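Okay, so chain A shows up in both of these, paired with chain B first and chain C after.
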Partner chain A sequence: MYELLDALINGRLGLGWPGWAVALLGHVAVATLLFLVAPVQMLFFTYYERRAIARMQDRIGPNRVGPEGIWQPIADGVKMFTKEDIVPAAADRYVHLLAPIVVVAPTMFMFAVVPWGPGMVPVDLNVGLLFFFAISSISAVGLMMAGWASNNKFALLGAMRAVAQMVSYEIPAVLSLIAIVMLTGTLSVVQIVAAQGGLVISTADLPGVPDVGLGWFIFTPVGLLACLCFFIAALAEGERTPFDIPEADSEIVAGYMTEYSGMKFGLFYLAQYVLNFLLCAITAVVFCGGWQGPGVGWLAAQGLSPANPDGSWVFNLFAGMLGVFYFLAKTYFFFFVMIWARGAFPRLRVDQLMDFGWKFLIPLTLVNVVSAAVWVGITRWGPEEGLDFTAQWSPLLRWGVAFALTMAINVVAYLTLARLYAAAQAARGRVDLEELVGSVPTSA
Partner chain B sequence: MLGAYLPILVMFLIAVFIAAFVIIVSSLLGPRRSTVRKLAPYESGMEPIGPAIRRIPVKFYVVAMLFIVFDIEVVFFYPYALVFRDLAGPGLVAMGVFFLVLVVGFVYEWKKGALKWE
Partner chain C sequence: MTLVIQLIFGLVAALIIGAAMMVVLVRNVIHAALWLIACFFGVGALYLLLQAEFLAVVQVLIYVGAISILILFAIMLTRQVTGEGVRQLVGGWRLWLTVAISALLFAVVIVPTVASQQWNVPPPLGPEGAPEPLAGPAELGRGFVSEFLLQFEVAGVLLTVALIGAIVVAYEERARRRRVLTLAEEHELRKRAAASDQPAGD
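After this line comes the complex of A and B, so read on.
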């Protein structure tokens, strides 16, 4: 981006700008482009969700505005812009105004570290993954502000629930990512994607494997379990249906959004869908290779790069387009799974939600961290790390042993925890029923 | 080093600007016809009884405390995880001890009933 702008401004136009001004202009251009793309994604997501959920519920969904209702989100946006902005008399005006901004700004901001294609990342931070989760928890503050400032019982209750839920499910999400960090040894999202070349087996584990961009972590037992746990935690972070108790409309109206109208409500809505997009995107990037897929690596190798100065920029363009296509296809697949879950599952109770997070997901992800350590020990370590019995093994044998061993650990852990958890839930269900029966006055 | 965060700062400013801009534009476009009923707290049509902000169940604070302890432990985990491959033996021992402390704390919370939500 910098070279391109520099060539345009100082080379072609001959304006002679200093380097920092060109860099700043580049950053502003990238940020503006991203923040134009983010709302468009969100608009399409709302339309996509309404149509898909309508199909699952044997309805038609919005189909009046434009062909197949494709302009429905635009119409909704115009409506929200022209609605009256009501601030309740009892509300804290300033906090009420600030809350939507505090919720939206961080979620847009998280786009900074998501790579869209080969070399197409707004900022390649060396702590990208940590940045993503650090920023994502800021919006919890905004939700609490919204609930508190509204001075409404439903809003406050919804905000308390939302914060408790986000806080509880952040731990399994972050823990399941630790397993991937251990496998790759990096926190940079770009390098995590780069480590997923190969064919089922990553090239990082087995150097000779053909690189067709399919060495995704989801094909390893550690990555699969991490992906499942992370995605379930992401459903809770994004307040998607099995975990949508913060805005359970049959109990607490709209939760923390109850007292918001017009575009302030629209901003909460925007934040939620942008967050869902980002959570799906980060699942696709970290566990399913992001832009990696058959053909991208080959195209990128033919293109213009420092290593290949006589390549053609056409190949760079095609590699970028194919990479973005793979990335968006995976992201939309995960978003479809979110909609599917909404169509398939009823809402959980608050206590079930807390139990599931703390007593099932967290132990499972802790076991997965141990599995990741086993995987790294077997595939990477040799005599110099004090592990000499694997020294004679071929890389393929090491990979196989690591696969079998981690698979065994994870399956045993899953089955044990699932049994324990189901038994605990069943036991509590019985107690509840007995209390209920005891409290009913029996007619003599 | 901090130069890498310049684009982050630019993005942050633009994100805040967009959010504020949207609210300002909508407040200019929308009508303003407020009535007493409209400005009352919404409680599904019932007359609101008592203030909305009152004492909050203590279990939320317990969750917050657990989160702080646990999340900081997990964040400390990240540097270990990052260099785990190179640290090898001594790193594994250190990480194992730390992991054990984490698990013991977790089991203690569990058995103490801090995770009970009724």
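After this line comes the complex of A and C, so read on.
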């Protein structure tokens, strides 16, 4: 964006602007674009979810406003705007007002590091992945503020549940990402996407493999387990259905948003769907190659770039379009899985949620970190790091051995943990029941 | 460019100092905690201004995402959040004496530091052509496992001890635990009670 604007303003028009003004203009343009894209994604997601869940429940869903009901979200938005803004008399006015802002702002910040296509990233931070999670943890503060300032017991309960859940499930999410960070050796989201070229086998592991943009991490045992764990944790972070305890409408009305009406409620809704979009997007980017797919790499190589000055900008355009198409297709697929889970599973209890996170997901992701280390050791390390015996193996043999070994570690770990966890849960249920029977007087 | 940087620095510094003042000035404890979060943000922005991206992100992750949440949790579980009707410890001339003593103690710390500070130090640069920023995650990681290994391990042991301590403190004997029954459990109990009554009735 910077080079383009610089060429336009200082080159074509000859205005002679200083560098910072051009950079500022470029960032403002990108930020404006993203601010426009985010609500549109949210509008589409509400429609998508309602139609898909209706289909699963043998209904039709909204189909009245526009063709197939596609304008339904806009009608909902208009309705939201016309509603009265109610603030409870005993609420803490300023905190109550600030809370939706503090919840929405971080979700918009998180767009800053998500790559949409080849070269299409707002900011390529060298700690992009960490930035994503650091910023997402801020919205917990907003939830706390909302719950406390409403001066309502349901709101406070919902906020407590939401924050406890977010804090607990951040750990498995980050641990499963650490496995990928170990494989790529970088925290930059752009470089993580770049490392996923190849055909089933990543080009980073086997240099000779044909690069058709399919060397996704999900095709390795480490990446597959990390992806599953991350997605489950993302369901909890985004408060999706098996983990929608914070806003369980049958127990605590609407959780932390109970006392919000009109557009303030709309902002919470916006934040939630944008967060879900971003979590699906980051799943697609980190584990499924983001914009990588057949054809994008070839198109980008034909296009205009510093390395290839006589390319045609048409190829840049097509590479961008195809990249965004792959990225959005993967993101929408993961959101479909979220809807699917909502249609398939009942809500967990709070203690089940905590047990599952702390006693099953975290040990599993820790084992996965170990197998990521094994993978890196076998495929990358040589005599300099003190690993002599892999030196004379061919890259393909190294990849095969790493694949088999990590697969064995992960499968054994999963089976062992699943058995232990099931046994512990069964024992706990039994003890609970015996205790209850013992504690109740027999006359009852 | 430096003017812009100085302008941003001024704004961020004003935010930090203002927020820190508000932390001690507001009566409502929750508001104080929220101002503290604003202060943490300002410090994160300062790190970003110094091009220490990793530290800035970690500042937000740890202080805003974890510590302040813990503070908020702890405060919400206490009473007297609004701070109304709380007696001031000192008043009148004693208050001014307290202010004077605090200012004096602060001056003892700050004056030698400011006086002996060398201003206008050029920012430290890496070796020529080094693409990595100085405070990047890779450099910090290498430092942790080579130069500062002992400190790193000691901190790790300390955190583990704290974790085990927390579990010991929070652990509750199963026999002493009381729980609200779910409907399914109540139903099950009633069924069992009925089943155990049956033989007695016969």
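We take it that the second predicted complex is superposed on the first by the 430 of 444 C-alpha atoms of A that agree within 3 Å, B and C clash if a C-alpha of one lies under 4 Å from a C-alpha of the other, contacts with A are read in each partner's own complex, and residues count from 1 in each chain.
We take it that contacts are C-beta pairs under 8 Å (C-beta built on N, C-alpha and C of every residue); 3 or more make two chains touch, one makes a residue touch a chain.
Quantities reported herein were computed from a predicted structural model and do not represent experimental measurements.
Once the two complexes are laid over each other on the shared chain, residue contacts for A:Val167 go to chain B and to chain C alike. Legend: residue contacts after superposition of the two complexes on their common chain; A:Leu130 is shown touching both chain B and chain C. By the touch criterion stated above, A:Pro67 is placed in contact with neither chain B nor chain C.
Look at A:Val104: by the touch rule set out above, it reaches chain B but stays clear of chain C. Once chain A of one complex is fitted onto chain A of the other, the partner contacts of A:Trp148 extend to both chain B and chain C.
Of the two partner chains, chain C is the only one touched by A:Ala140; chain B is not.
Shared-chain residue A:Ala90: touches chain B; no touch with chain C. In the superposition on chain A, contact is made by A:Leu175 with chain B only, not with chain C. Once the two complexes are overlaid on the shared chain, A:Pro207 sits clear of chain B and of chain C alike.
More residues of chain A lie in contact with B than with the other chain of the pair chain B and chain C.
Taken together, the two complexes place residues 125-126, 130, 148, 156, 160, 163, 167, 170, 187 of chain A in contact with chain B and also with chain C.
By the touch rule above, chain C contacts chain A in their complex via residues 1, 4, 28, 30-31, 34, 37, 53-54, 57-58, 60-61, 64-66, 68-69, 72-73, 76, 132-133, 136-137, 174-175, 179, 181-182, 185, 188-190, 192-193, 196-197.
In the complex of the two chains, the chain A residues touching chain B come out as 23-24, 27-28, 30-32, 34-35, 80-90, 97, 100-101, 104-106, 108-109, 111-112, 122-126, 130, 148, 150-156, 160, 163-164, 167-168, 170-171, 174-175, 178, 181-182, 185-187, 253, 258-259, 262-264, 266-267, 350-351, 354-355, 358-359, 362-363, 366, 369-370, 373, 376-377, 380-381, 384-387.
Touching chain A in their complex are the following residues of chain B: 4-8, 10-12, 14-16, 18-20, 22-23, 25-27, 29-34, 36, 38-44, 48, 51-53, 56, 60, 63-64, 66-67, 70-71, 74-75, 77-78, 81-86, 88-89, 92, 95, 99, 102-103, 106, 110, 115, 117-118. Residues of chain A that touch chain C in their complex: 18-20, 92, 95, 125-127, 130-131, 133-135, 137-138, 140-141, 144-145, 148, 156, 160, 163, 167, 170, 187, 349, 431-433, 435-437, 440, 442, 444.
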